[in-house]
Every structure is written in C-alpha cells, then in structure tokens.
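Shared chain: subunit A. Partners: subunit B in the first complex, subunit C in the second.
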Partner chain A sequence: MIIFFAVFLLTLLVITAIAIVRTENLFVAVMLTSIFSLLMAANFFILDAADVALTEAAIGAGVTTVIFLSALSLTAERERSQTTAKWLTIGVVSVTALVLMYATFDKPLLGDPNAPVHQHVAPWYLENTPILIDIPNVVTAVLSSFRGYDTLGEVFVVFAACIGVLFLLSAGNGIKAEDETPKSQGLRHHLIPKVVGRLLVPFIVLFGLYVQFHGEYGPGGGFQAGAIIATAFILHALLEGERAALAAMPRAALLGMAVAGAMLYGMVGVVCIALGGNFLDYSVLHSNPVIGQQIGIIVIEAGVGITVCGALLSIFHAFTSRRGLN
Partner chain B sequence: MIDLILDGLSWGLLMLGSGFVVVGGIGALRLPSFYTRMHAASLTDTMGTILILAGIILQAGLSLAAIKLFAILIFLLLTGPTATYALANAALLSGVKPELDCDESEEPLKK
Partner chain C sequence: MELLGYYNYWVFAILLVIGLYTVIAKGNLIKKLLGLSIFQSAVFLMYITMNKVEGGTAPIILKGATDQIFSNPLPQVLILTAIVVGVSTTAVGLAIVVRIKETYGSIEEHQIFEADQTP
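Here is the complex of A and B:
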C-alpha cells in the first residue's frame, strides 16, 4: 500500500518538475515549486520521516514561496528566452539521468532491513537513546545530542546564508528604504484577510512554540518551529505593511536573533567544556547525566529556533525593503 | 454494534467528501471562466474538508487526535474561504471581469 502511494506521489513529483522546467512564467514556476515541496513533504511523511516532512512543509512550501514571490516582485514575471544550445543541455541531463538510474541498481530495496544504513550506527542510537537521554523522539536525540556537531554546523550555515543574502541585497544603497508607497501599506484595506489574519497570527506563534518545546516527544524541534514562527511574522508583515512589521520587530533585533541563537548553541558547548566535559557533551550540565542531556537539548533547540526565525525574517525584510527602491 | 454504526457513518462521510473533492476538481478543469473555476475549487476547501475531516474524527474516536483534527478543521475553514476571497479580489482588482451571460450594453466591460 505504501509503495502504491509512494509511486503515485513520485509520479506527481516528476510531472510537477517537468511543468516547472517547461513554464516560462516565473510566477507559475514559484507556485509549482511550492506544490513540489508539499508533495515532497507528503512523500517524507509516508516514509515515516515526520520531522523532515514538517520542515519541508514549513520551509519549502511556506516561507520559501513567500521569499521567492518577494524576489519576483523585484524582477520581471517572464523568463528570458534561452540563447544557449538546447541540445547540449538535454544531452548532459540525459546522460546524468542514465548514470544515476544505473547507480540505483546497486542500492538496497526500499525498507530493506539489511540495508547498510540500518546496520551501521542506527541500531546503537535506537538502543541507547532511552538509556542515555530518555526522550521518546530518537530523531531529536540524534540531531541535537549524538550529532550535535553537525547541527551546530547547520545553524552556522543558516546564519551564513542570512548574512550572505543581506550583503547581496543591501550592496551599494544602505538600508533606508522606508517609503510611503501603497505597497508598504500591506493588506490593511482588505477587511476579510485582515480580520482572519489577525486572528490567526497568535495561534500560529502558539503552534510554533508547541512544535519547539514538543520536539523531544514528537515530530518537531528548532528548525520547524523557527520557520513556523517566521511564517506568523511574515503574515503580520503582509497584513499590516512593512513599516508596522519593522516597528514591531526592527531589523537589528532580527539580525540579533540570528546571531544570538547561534551563539547560544556555541555557548552551551563552551559551558560543557568549563564544567569538565567535552564540547557539546551535555551530560555534565546536571548531576544526573540524563537530565543534563535533556537540558542541553532544550537549550540548543531554542538556539536553533531563534536563529532560523531571525534569519528567515531578515531575508524576507531584505527583499521587501528593496522593492521600494525600484 | 455502535462501532459498526460509527464506522459506516465515517466511511459515508469520507466517500461523500471525496465526491465533493472530485466534483471540485472536475469543475476547476471544465468550467468556462476564472471565477466559475474558482467557485468549483472552493468547494474542495469547504465541503470536502468538512466531510473528510468529520469522517476521520469519527475514526479517531474520543482521543487527543480528534481534538487536533478538529483544530485543523477550524483552521482550514478559516483560511480556505479567505484565500478564495483574496484570490477573487486580486483578480477583480487586476481587471479580470466576470463573464456575464446577458448581452446588454455590458460589452465595454470585457476588457
């Protein structure tokens, strides 16, 4: 049954991908990308990867679409006609696809219990998570404790991406595009979206906090929560306009969040060293090593959430403030 | 016995809801103009959502899952029609006129 759904979803994915390549209208392409992410999230979900599905749905289908649309409002809606040799492109893509298909013959089958990925470190994680950390969601345990270094790296990648986008977009003209154009007014004149949106914003933030602090017990954690809370603030910005959003949450505060989250994560590691453990070895944070691990996970997940939220919102505002300049 | 009735009711709701989704899909493909197509698609947001989620809630029984599904239902009922409204409003503002059947002196309206 799972195979049936998976094949159906993957077929839809291929159709969507072809449609994205074929369309020349960039607005349509952005919408199709969002649909692609949603299908991908459903696909992750039927493969039992609920955490990844939540991330894909929140970031891929949600925040990225808004950021793409903001980027699109800075440029033209239509793709420029292609000038390079089409057949060369098709040839390279076909050869790559054939090589990749050939490579899949060596892969273990879907759900094969003897696949190397199920035999390497995964059994050890499954066996030792209840003993060492004692939280139900093994994904969170692996992500924030066993593989804490990787996640620290990811947080700094998010931070670096945010800094990169800000440098690119504010190059040459400072950040002072507080203009009075009608666009910066948001949807204030549309009654129904305004009322419904204002009603929803607090609940979206609440749900984000639930996902943040429920990450140890169910699907969720800092990445997903950061994206969901960022969505609430983006909705607020779309409803009330750029100025009101920046008055509630100034750019410096957003950038500060991106910095503070990453710093918080790193500081936990330094505190662990100061207390006599290894870097990011949370066991020393409490007299009981299991509780120490749990404290460490909660704090670093908070750091991840703050960084992701701050970075996404900084990027969003960087795009929307450019709009007033053109 | 009560389980059987609940199961039957739930399946009935699910089938009916799926029917509405299918009708909405067909309508979105077949109807002539933008507004009529959107009208068909909005059927999926409202009736389809209500019936299918009610069916799943009956399957879940009295549990935390049922409350979560109910919250999802409320959320979708708030956002779906709002999105439809926003879409129609944006279309109207950008100059898409509804196609009217009566051919009075309304011709100048068509672009």
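Here is the complex of A and C:
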C-alpha cells in the first residue's frame, strides 16, 4: 500500500518542479520550492530516512525559503528574459534523461537487501554501534563518531559560506540606515500574525532544544536543532522587525556563535590528542571508552548546533539589513 | 509491480534534467539558482532511495528487540550534512546575485552581457 503513496508523492514532486520552472513570477516559484521541499521530506520519511526528513523539512521548507525571499526583495520579483534556445535545450536534456533512465535498469531494485551498497561498511556500523558507542540512533553515531572528520569538514564549510555571505553583503552600498521603514517594523501592526507568532516562538525553541539533546535516542541532532532554533529567531525577526531582533541577538553574538561552535568541535579533537588518543577519537575522554564516546558525541553535537544556528541567522540578517535599490 | 522498484530512479532522472534545463535555458539568475537546488534535491533523492531495505525501518536500535531490519545509515549521514551545506552555498550564490543586481541594475543574463559589451 505504501508504494502507491510513494508513487503519488513522487509524481507530485515532478509536477511541482515543472511548475517552478514554468512560472514567471519568482515569488510564486520560491513558495513552490517550499512545497517541493516538504514533499521531498515526506518521501525521505517513507524511505526510512527520518533524520534526513527532519533536516529537509527544517532547512528546505523553512530557512531556504526565507533566504530566497529576502534576496527577492533586494532584486526583482518578475522574470523578464525570454527562454533561450528552448528546443535545443529540451533536446539535450531529453537525451540525458533517456540515458539516465536506461542506466537505472542496471541498478538494484528499490529495497533489495543484496544491493552492493548494503554489503560494505553499513552492516559493520549497525553491528558495532551498540557495542562501541551504545546509543540507539545509528545515524548520529556514524555522523559524529565513525565519520567525525567528514562532519567537521561540513561544519567548516557552513562557517566559510557564512563568512563569504558577510563579505559579499557588508561592503558596497552599505548597511541600511536605522530608519523606520515598513520593513524594519516587521508585522507589528498585524494582530493575528503577531499573537500567533509570539505564542509559537518559545515552543519552536523548546522543540529545537529537544531535537538537540534527544538526537542520540531519536531522529535529530545538531544540524536539525540548529536549523529549527534559527527558524524560531527568524520568525521573531519577521514579527518584531529587524531592529528589535538585532537588539535581542546582536550581529557580533551570532558570528561569535558560528565561530565558537566550530572551535568547540575542533577543540574536542585536540583534547583527544592531548589525552593520548587520535584526533576525534573520543574513547580517551573517560576511563570507560563507551562513556567517552558518548561524552564526545554530546559535545560535538552541541558545537554543530551552535555553528549552524549562528551561521544561518548571520546569513539571514546579512540579507535583510541590506538596503534595496528600488 | 517489478517496474515500480525503478520509479524512484526515474523521478530522480526527471528532476535532474528539469534542474539542468532551468540552469541552461532560463536567463534569470534567481531562476538558475532555483534550478540548481532542484538538481541538488534530485541527487539527494537518489542517495536516499539507495538506503532503503525491504521491510526495514529507520536505523534506531530498540534495546531488547531482536530480528530488526534496518535501512542503511550511511547514505542518510552523507545527505543530512549535504542538505545543510546546500543551503549555505545557495546563500553565497544569492549574495552574489544581489551584488550583481546592485552593479548592473538587472539579474537577467542578456542585459548583463549587453552592459558588459558597451564600454
């Protein structure tokens, strides 16, 4: 039965993607992208990837949409150029699609337990997580311990992207003067968004903290929690206006969060070396190696959450505080 | 029924080329970035499709329960981090688009080329 539901969702996904390409109103296209991400998250959930679904829902449907919208307010809402070389492009991409579809017949069927991808390290991870780390969520264990180097690299990429956006958007025409434009007042004069939004903000933060600290036992972890807490603060900024949000959370504090989280993650690795282990080998953090692993995972997940939250909020404020030309 | 096992991969192929089409044929820079994110989501879908095991469940181990089948945790870890990195890199792209708009007064490709041709 579930397979028909999956087929239905995947078909909707294709329809949404075509609608995104066809519409000329960029505002509509961005809102459709939000729906696209939500459908994608539902698909991930059907395919047993609960952690990924949570991430896609928080980031794809939440943060990405807001960042696109704030970029739209600085550029243009309508697409003006004609599609160039339409039929040639359609020809090229159709051939690509046919080649890709032909290649899929060599792939194992969906859910085949004998597929090559399930034969290599994955069974080892599933077998050894209860022995070596003893936390229920294998995804968190692989993310923060077995593949800790990889995750450290990703955290630094997020940090570097945040620095890049700040470099690009703090120069040139300058930060917006602190005047009372309609944008800086937020939705303060709209009663219903204000009341409902104010009620929601603390609960979103609470849920983010739950996802952060429950990440070892259920779906969740630093990446998802950082994004969820960032959406709560973005909602606060949309309701109360840019100035009130920056008064509650100054730019320097946000950038400090992005730096501190990445530093915390790196420092755990250095502490492991100082205690006689390898870089990011958490077993030496406690006399019992299993508890050492658990301590290391909790600390680096906190580092990931702080960096992701700080970096996403810094990016959001970099866009919203820039003065538009029109 | 057998063919439905390939349906996910076909949707992956179609979404991939929809993204590719947008990047090639559309002149608007924000539209191109939307196309890139569709392209990226298609790759995510392919990875997550590979992680599914028939009769399996999300890889969260219940203490005491035996004979559980789990889906593959590894593609999930790779894609989880890729989603977060994806939004950060998209933001860098959007920041560049905003600066292009401020410099050229347009985000349409042909107008930017024309502005570059006239000295």
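Just so we're on the same page, the second predicted complex is superposed on the first by the 316 of 326 C-alpha atoms of A that agree within 3 Å, B and C clash if a C-alpha of one lies under 4 Å from a C-alpha of the other, contacts with A are read in each partner's own complex, and residues count from 1 in each chain.
Quick note on the criterion: a residue touches a chain if its C-beta (ideal position, glycine included) is under 8 Å from a C-beta of that chain, and two chains touch if they have at least 3 such contacts.
Note that the structure is predicted; figures quoted are calculated from it, not measured.
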Superposed partners subunit B and subunit C on subunit A - clash or fit: fit
Residue contacts on subunit A - larger count, subunit B or subunit C: C
Touching partner for A:206 - first (subunit B), second (subunit C), both, neither: neither
First (subunit B), second (subunit C), both or neither touched by A:142: second
Subunit C, subunit A and subunit B - angle at the middle CA centre, rounded to the nearest 10 degrees: 90
Contacts of A:75 with subunit B and subunit C, given as first, second, both or neither: second
Contacts of A:219 with subunit B and subunit C, given as first, second, both or neither: second
First, second, both or neither for A:126, with subunit B first and subunit C second: second
Contacts of A:193 with subunit B and subunit C, given as first, second, both or neither: first
Touched partner set for A:92, first subunit B, second subunit C, both or neither: second
Gap in Å between nearest CA atoms once subunit C and subunit B share a frame through chain A: 16
Common interface positions of subunit A, toward subunit B and toward subunit C: none
Touching residues (chain side subunit C, partner subunit A) in the complex: 2, 4-22, 24-28, 30-31, 33-35, 37-38, 41, 44-45, 48-63, 69-77, 79-92, 94-99, 101-102, 105-111
Touch list for subunit A against partner subunit C, complex: 3, 6-7, 10-11, 13-14, 17-18, 20-21, 26, 29-30, 33, 36-37, 40, 43-44, 47-52, 55-56, 59-60, 63-64, 67-68, 71-72, 74-76, 79-86, 89-90, 92-94, 96-97, 100-101, 104-105, 107, 109-113, 115, 117-118, 121-122, 125-126, 129-130, 136-139, 141-143, 147, 150-151, 154, 157-158, 161-162, 164-165, 168-169, 172-173, 217-219, 221, 223, 227, 308, 311-312, 315, 318-319, 322, 325
Subunit B-facing residues of subunit A, complex: 187, 190, 192-193, 196-197, 199-200, 203
Subunit B residues within the subunit A interface of the complex: 75, 78-79, 82, 85-86, 89
